[in-house]
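Each of the next two complexes has subunit A plus one other chain: subunit B in the first, subunit C in the second.
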Partner chain A sequence: MTARASGARRGLGAWLAQRASALAMALLAPVFLAYAVAHAPLGYAGWRALFQPLAVRIGALLFVAALLIHAWTGLKEILIDYVHRLGLRLALHFLFGLAYAGCLVWAADILWGAA
Partner chain B sequence: MRFSIYRYDPESGAAPRMQDYELDAGFSGPMVLDALLALKERDDGLAFRRSCREGVCGSDGVNVNGRNVLACVTPLAGLRQPIEIRPLPHLPVVRDLIVDMDAFFRHYRAVKPYLINLEPEPENERLQSPEERARLDGLYECILCGACTTACPAFWWNPDRFLGPAALLQAWRFIADSRDQATAERLDFLEDPYRLFRCRGILNCVEVCPKGLNPAAAVGKIKALLVKRAF
Partner chain C sequence: MRPRRGYSLDLLHLHLPVGGWVSILHRASGALLALLVPCLLYALMLSLRSAEDHARLLAFLSGGPGRALGLVVLWAALHHLLAGLRHLGLDIGWGEGRRRARQTAWASLAAAAGLALAIGAGLL
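Up next is the complex of A and B:
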């Protein structure tokens, strides 16, 4: 047997994170939807008022974080499958990591800055 | 009955091509392999593997009309014509329908597909309860034809590093065996972004397995065991 006896001992965390983030989104989305529907009809002022409670803002930020974690783990799978040149793959990892981190900060800014 | 068959002879230097054949109405299958044998009588250059001709040896895996099958147990009746026969996808072609299975068997050997038990051998045999034995049903029946692994896009993109459904099914077959004592080492080997986690569960393997086995479920069980071990 030429292969190393032990694997890289990685991959389980990413696989679980993808499932956990999907679960978080599946739980948060209907709750927010029900909350929004309960306050219908929503004009601009009503929509802003929806995000006044701290719990809603925290929930919304958690949703965005789960979405980005889900996208990030999925993106890494795509890069492993299709981008076999290490330099290019690392560069794409870096760029998407930056972009996703930026999205998270941006979401926080929207949620808290507009208050 | 019309056929279009993949032909490639690396020694000729010519590019691979599809060759048309026709069998007259007198020919009565019933299986794809029967047609291949009849065509080979006419054109003895046509190369393919076959042995048991009853779906047990796993040597005549080919791609018929876009689907990986065993030629010997695939009825000709009902196949769209011209029946297109190609080698199993994404393995190097040795000649015509014969593929180089080296990568496939390298992954199979890598999962150590044998019992590892360091205790002294008992007088007669290592006993199992009927329940322990039942856990191996749906696992031991694999004939290593390669239909599942060559239908798997994860294997197509990383054939040198992803073990593929057939080897993963066998990895689980020995983890699940009550007589095997190497579960920890086997899990250590499998816990890897390439070897195991390339599997995205798209179930092509389940769809094509000529023995009706479920490698994706085996992968799920390996992952569940890894989670159990980690938490």
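Up next is the complex of A and C:
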């Protein structure tokens, strides 16, 4: 099987995406934690108020996007190691991609709709 | 020829060095978190949707299976973060020496478990 037919590439893009998304989460999470702690104690109203500023919603959505990219890339690594039938592996990766794309839209709806 | 990645080793009869445990738990915690993404989003939705759902979520997380699940997710996130930072360090050549690599491996194992337990016990 040729590299082209198996969908295999050199993997540098995935390697970089995995680290860039990790870095984005590692930077965003402590900022949000400090922001939340600064507004403690938080009841329901306080928790909701945290998400009112546009910058916070954008930051939260970016975090979710980084998380989904990170999860999808990581799952691919795991699938390559344990699912050796190419068609099944690609199908599983595709289904996770669909689900995660849905999750991104869902996150936007949660952040803009409910808050 | 088919690329041979991830040889299947007899893990029960291997002595895995501590760095190996950190690495395999990094993978396991990552897989768990990846599968739980919809549940985590559902929790975020409940926490923001209404005061009743917010209270329901907190009640679920404060006792029994909900508390255990929350603790596992917390540990998985902490371990994945710390082991991931360690691996990023190794990427840029930091902490590659045998001694230092073992120290950071033990440190990430202990810190993740300790922090999760401390937060779970309500100390933090």
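One rule holds in what follows: the second predicted complex is superposed on the first by the 105 of 115 C-alpha atoms of A that agree within 3 Å, B and C clash if a C-alpha of one lies under 4 Å from a C-alpha of the other, contacts with A are read in each partner's own complex, and residues count from 1 in each chain.
Heads up, the rule we're going with is that a contact is a pair of C-beta atoms (placed from the backbone, for glycine too) under 8 Å apart; a residue touches a chain by one contact, two chains touch by 3 or more.
These figures come from a predicted structure and were not determined experimentally.
In the superposition on chain A, A:49 makes contact with neither subunit B nor subunit C. By the touch criterion defined above, A:31 reaches neither subunit B nor subunit C. With both structures placed on the common chain, the touch criterion links A:90 to neither subunit B nor subunit C.
Touch criterion met: A:14 reaches subunit B, while subunit C stays clear of it. Once the two structures are superposed, subunit B and subunit C can be ranked by residues of subunit A touched, with C on top.
Once the two complexes are overlaid on the shared chain, A:80 sits against subunit B and subunit C alike. In the superposition on chain A, the residues of subunit A contacting both subunit B and subunit C are 1, 8, 80-82. Note for the complex: subunit C touches subunit A at residues 2-3, 5-6, 27, 30-31, 33-34, 37-38, 41, 44-45, 47-49, 51, 54-55, 81, 84-85, 88, 91.
Here subunit A touches subunit C in the complex through residues 1, 8, 19, 22-23, 26, 29, 44, 47-48, 51, 64, 67-68, 71-72, 74-75, 78, 80-82, 96, 99-100, 103, 106-107, 110, 114-115, going by the rule given at the top. The part of subunit B that touches subunit A in the complex is made up of residues 106, 109-110, 112, 153-154, 157-158, 185, 188-198, 200, 223, 226-227, 230.
Subunit A contributes residues 1-3, 5-12, 14-16, 77, 80-82 to its touches with subunit B in the complex.
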